[in-house]
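The same subunit A turns up in both complexes below, where it pairs with subunit B and then with subunit C.
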Partner chain A sequence: MKNNKILNISNDLRWQIGDGFHDKLTEGIYSDAAQIAQNSVFKKGQTKRFRFDRSLDKIVTSKIWGFPIMILILSVVLWLTIIGANYPSGLLSELLLDTIQPWLKETSLSIGFPIWLAGFLFDGVYLALAWVIAVMLPPMAIFFPLFTLLEDFGYLPRAAFNLDNLFKKAGAHGKQALTMSMGFGCNAAGVVATRIIDSPRERLIAIITNNFSLCNGRWPTQILIASIFIGALAPQSLSGALSTLSVISIALLGVFFTFVVSYFLSKTVLKGEVSSFTLELPPYRPPIFWKTIYTSLIDRTLIVLWRACVFAAPAGAVIWLISNVTFGDTTIAHWLIENLNGFGFILGLNGVILVAYIVAIPANEIVIPTILMLTVMSVSISGVGEGNGVMFELDSVSATGEILKAGGWTLLTAVNLMVFSLLHNPCSTTIYTIYKETKSIKWTVIASVLPLIMGFVVCFVVAQVWRILL
Partner chain B sequence: MESPLTYLLYFLLIITGLIVVFYPNGGIYWRLKNSFKNDSKTLIEDILKKLYHAEDGGNSLSTNDIISSTNIRPKIIIEIIAQMKANELINFNNGNIKLTENGMDYALKIIRVHRLWEKYLSEKTGFDKKDWHDIAEKMEHKLDSQQTKELANDLGNPRFDPHGDPIPTEFGEIESIQGEPLPVFKEGTIGRIVHIEDEPDIIYKQILAEDLHIGSHVHIVENNEKRIVFHSEGEEYILAPIVANNITILQLLKEEISEENTFRLSNLKENEQAKIIGISNECRGEIRRRLLDLGFVLNTKIELDLISPMNNPRSYLVRDTAIAIRNEQAKYILIEKIKNDANSN
Partner chain C sequence: MMQTVTKSACESCEHSNASGLKKLGINIDNSDFVVALAGNPNTGKSTVFNALTGLRQHTGNWPGKTVTRAEGGYSFGDKKYKLVDLPGTYSLLSTSQDEEVARNFILFGKPDVTVIVVDASRLERNLNLVLQILEITDKAVLCLNLMDEAKRMEIEIDDRTLARDLGIPVIPTSARSKEGIQQLISTIHQVATGEIICKPHRIKNVPKQINNAIEKLCTEIEKEYPNIPNSRWIALRLLDGDERIIEAVKTGEFITE
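Right, the complex of A and B next:
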């Protein structure tokens, strides 16, 4: 056949040309390009790199200032996010949860919806949806634009450049520093951000370990539990500092696990994946402010929020259903809590927490409201809460503490909840995103199950040692 | 409820159990898996390879030689050798075993798969150099001729494996390695490394630790029974003759010799200027293509731009673009320093 003949000739030629063929080709392309450019591009004088770029680079990558500048910038971004999000979050929750939700329920009942349908739709589905939007939208709408501004300005590649040696020791890529920081905002966005890592092995490492960055949905849980239980250990004047310190240590523990797991992965399951490292340091550019804000809102915030909503709605339905559907004389939630209490106890947690983490897989934001609702329901506290299957939160931190203590919580439960909140499976949005990015069920399963097993092991060991020592 | 201490003990027991069973290489699971693999096909193929390498080196092996070179029970080896004789793969000649034409073809097929697979590992995966040989040892028994053909086509029918060994063709033709072992040459010789032997393991690891690259030029400055000293790419190397014996070099003709001014990019200091001579043959696959695409090609001017706080990576200015690469990669890029009279004071 004619085709075969051509293929044979090309194989023969390839054999004769030898190995250096690709090099020669690239050299040829470059020298042609250089010639064309020389003939048609005119430069004014010697424009090497701008002096400004060069001196700025010298500072942000210097031995003395490199790291402090990085830590300062990250702290400012996180601080702006956490503090700045409080106000709009409060407004949104007042609007969506305290105003629209009762109105929806009442109206639906008055036009003749059966009670179960109104409960299912508005106490279940709508409430979860509204909760996720109220808690998630404001911090993301602050964090991502800030991050994108830094990226556009050109600072982020320098941070990767500074940190690469640390990550290299764990078998990872310097740019993982960026995806890790992005994970502090949202793990799903962090996983999408790993696209900037061009080396396949390091990219998988970054995807699988992104969950160890404490995301926005988990910060409030950490802060609340720390101020109820850990802050109370210190005298009034120091309690704020102590609880802040404990939350920061959990975040740092996450960074520690990122390195350990990266190292472990690169030496075992990911050994055979291709690894290559190059990093371009683009010139600094003043960011185009409004365009950046717009694209980061559309590309990052809204996409992630949409995915979260898609998963949160059914979760709300499930939470309402397990608390209201009964078998015999107990609800499904009761039955689950009873059965998981033993296992929960061994882990230093309890059945309520485990059930909450199962139904709240779609969004970490609704873990605390779910825990409160389930606790009130299972120990039958009267006078608080909104009824079975209706998540709620209290304005007062001490009142929340009273409920949890009535549910049998100790300091150990609190510490282990903080640990477990760091080390458990990623939320379903992130799991779905991991699948979209890797197109591999294997890596998706590893990324989902590995942190969960680690969480079980760490909580278990902490609980046993705690009980032996105290 | 049991006491916390009992739980902890159970936990430790489970962890120890898992470690004993799954510890890399030494674990019970891996050993069991290996022991099932020593079937007769694998053994026949391994013995064929041994015979081929012996004959290639001008030696011959007896049954006893083969028994003493493996840790498999002698009885099994004797059975296997009898089976090979029955299949007309080997002949006996004065107690020495010789390959028949069939045996030779078979051996070359196995070697072809082994070397192709090493090439594949070096080009398309991220496995470390020191792991290639062991992985290829396992794969060589698994691929049939159709798969081998596809693999070769996929790799562009390579002629040499990453150690510099020629890969036999589909029809069993094999090129011979040109060049001689390093200790053969006199002081003052300039040559090019064409082959680094990957067996035995201990010596190969020493060579890897020295960080020598196939394709690089060497200049022998001292050669005696105790040690061999040579310069390559701006570094000095001192090797024991037994180690140097596993490195094959080809003496270069006058016109091929590039000047002694070749350095590795990792060697470039601040305020020095250089131009790129090429990328070492040891830099392969994805990362090589990436470097080429970024413009690390012949005659490109290059200088050091920034050094990161922990000294690695460093960024270089190539065609007015700052590109950071790690020192581990920079050492594969060969440069020639440009003498800048204005700066030398």
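Right, the complex of A and C next:
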């Protein structure tokens, strides 16, 4: 009871003081701060450095140049990633897949492993791991440090500043630009980053739409498919540029959907006022180059890679099992593909892709290897692969293309796969993170199912239009 | 964790306190003192945190990088310190989630020392938060960070006058290049062990009527809870109608935790 006495007195006093308490207190703090600062801070006039920051800000946040510069920076980062990752990826796959894998399998068989165990371990689990490392490590080791350098330099808040107006028009919070950028690295990280948004309504919008930022698990899929099918449309010298362009289009399509869905949500289920906020543009700081490279490798690249491996190993096992366990006279994988082929065709995709996306719910990174393995199995191409349920990486991009074309792939399949890779349910880690952050099953389900439905709709429309026009 | 500190001549000298520093990374069991790192966004708290613990928490040049609190440890002399890196906030008077993490920790987590990291080149703006924190706790150290940047902008700061005005020790640092970290560590030690007694500044420029109300409520709170160190802050928040604090007064959270 004695506690209530304090509260009662405080209530009485609040009546006596009247409304202005908060403002007067804030005023008091400000004038104290000004006084103290006056006593101990000495400025020698305006400085060059400040002027440099300001003139750079005038350019990168200008109405005319702001957006082109943003897209240019994104293009350069992606282009460097696509060009730079090619060679080390090839080296890694040669080492891990062409040299070590056969050796492991032969050795294990020669020391008396049963065939099914050797198959399960080295054609399933090991190959999944090796593939994820070969295909993911190089692009991540380039993309993340570049992104971190931009972050340390101080560019992100400027990008947020540019996008603020668009987010406001969409009824969302301007800081969503920051969480969206984080999503380009990893959606789970992007969802956690939404804590910087105060209003619960706007935070939910940011969480639900974060999946429209292409995450690093999906960049390699985009890059590979773009190189095989879209890059091939142009002459050799331009194919890198054309693939980069198509990947950027998909990324920008994602940004576009972020705005559309934010707008839709804020006009329907998540109605409310747009809250205002102040965004401080921090000074530009020259990044400490090597330290940034080191921390981004340790903190981001290796941690994300580790996560991918943790999910890839059991997925490899599952793939091997569903393609080797028979069910009547066909394998489980075959049965699934047959049954999903019809639905896949309507979407301009195929059964293999849909099965791959089911297997790959834990991690988007393993979509491509799963697709390749299932394609080889379902069309029984002779001379490639080593048996049912063997995930493999082919020596060259063009050989991978041959396999897919033999599996009935067309340019439409490729385009729709890129669209579907952008628009489908988040990976299981992100779903779990959304649940942890929202503590609501309803919003978690919405955030997971909404993009999937959108993916179906967009793919369907693209497929119909394509088939009518071409 | 890894230790790759380059030792300057001073640090390797036997008279230096650095010899007593051991970075413990995430090993934070049985700590003797809890130290909180607070400050405005983007003032380099995470960099100071990394310099002290040897951890490599990622730092970024944008406000809002740290949204949860990170913990790490170091030992100095024969004492073990647990260091808590709080999300950056501009004020303790509002209610967004990241700001609440910081406020609740300083208020209810009762750190032994609160290190307030400020951007030396934007001191006046940063002082708003400093003054609010000094209302809550009287064991604080001001880490005047980004001195290198201030120097480049030709801003000079008289840290002695500042320390006298604020009533707490002020340590100029450039955490990126690890300048001043040694003094910071030994000052934290001195405040934690009571060698340095702080007499923190209290907000002065408030109208008389309000000041009277604060004092009246303060006496009342102290009557009920004689051992409370931050009755003035609680009074301020109650008068502002802060739900979280009203709840805490109802449940008596201050004494139990």
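Note that the second predicted complex is superposed on the first by the 315 of 470 C-alpha atoms of A that agree within 3 Å, B and C clash if a C-alpha of one lies under 4 Å from a C-alpha of the other, contacts with A are read in each partner's own complex, and residues count from 1 in each chain.
Keep in mind that, in the parts below, a residue touches a chain if its C-beta (ideal position, glycine included) is under 8 Å from a C-beta of that chain, and two chains touch if they have at least 3 such contacts.
From a predicted model like this one, the values you see are computed outputs, not experimental measurements.
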| item | value |
| --- | --- |
| Which superposed partner A:198 touches (first subunit B, second subunit C, both, neither) | both |
| If touched residues of subunit A are counted for subunit B and for subunit C, the larger one | C |
| Subunit B versus subunit C as contact partner of A:22, first or second or both or neither | both |
| Touching partner for A:30 - first (subunit B), second (subunit C), both, neither | both |
| Touched partner set for A:175, first subunit B, second subunit C, both or neither | second |
| First (subunit B), second (subunit C), both or neither touched by A:280 | both |
| Subunit B versus subunit C as contact partner of A:63, first or second or both or neither | first |
| Touching partner for A:13 - first (subunit B), second (subunit C), both, neither | second |
| Contacts on subunit A seen with subunit B and repeated with subunit C across the two complexes | 14, 22, 26-27, 30-31, 49, 198, 279-280, 282 |
| Residue ranges of subunit A in contact with subunit B within the complex | 11, 14-15, 18-19, 22-23, 26-27, 30-31, 48-49, 57-58, 61-63, 66-67, 161-162, 164-166, 168, 174, 198-201, 268, 271-282, 345-346, 460-461, 463-465, 467-468 |
| Interfacial residue positions of subunit C with respect to subunit A in the complex | 41-42, 56, 58-64, 67-68, 93-98, 121, 123-125, 127-128, 130-132, 149, 152-159, 161-162, 165-166, 176, 201, 203-207, 209-210, 213, 216-217, 220-221, 224, 235-236, 238-241, 246, 249-250, 252 |
| Sites on subunit A touched by subunit C in the complex | 2-7, 9-10, 13-14, 16-17, 21-22, 24-37, 39-45, 47, 49-50, 148, 151-154, 156-157, 175, 178, 192-193, 195-198, 279-280, 282-285, 287-288, 294-296, 298-300 |
| Residue ranges of subunit B in contact with subunit A within the complex | 1, 4-5, 7-8, 11, 24, 124-128, 131, 153, 156-160, 278-279, 281, 285-295, 297-300, 305-313, 315, 317, 320-326, 329 |
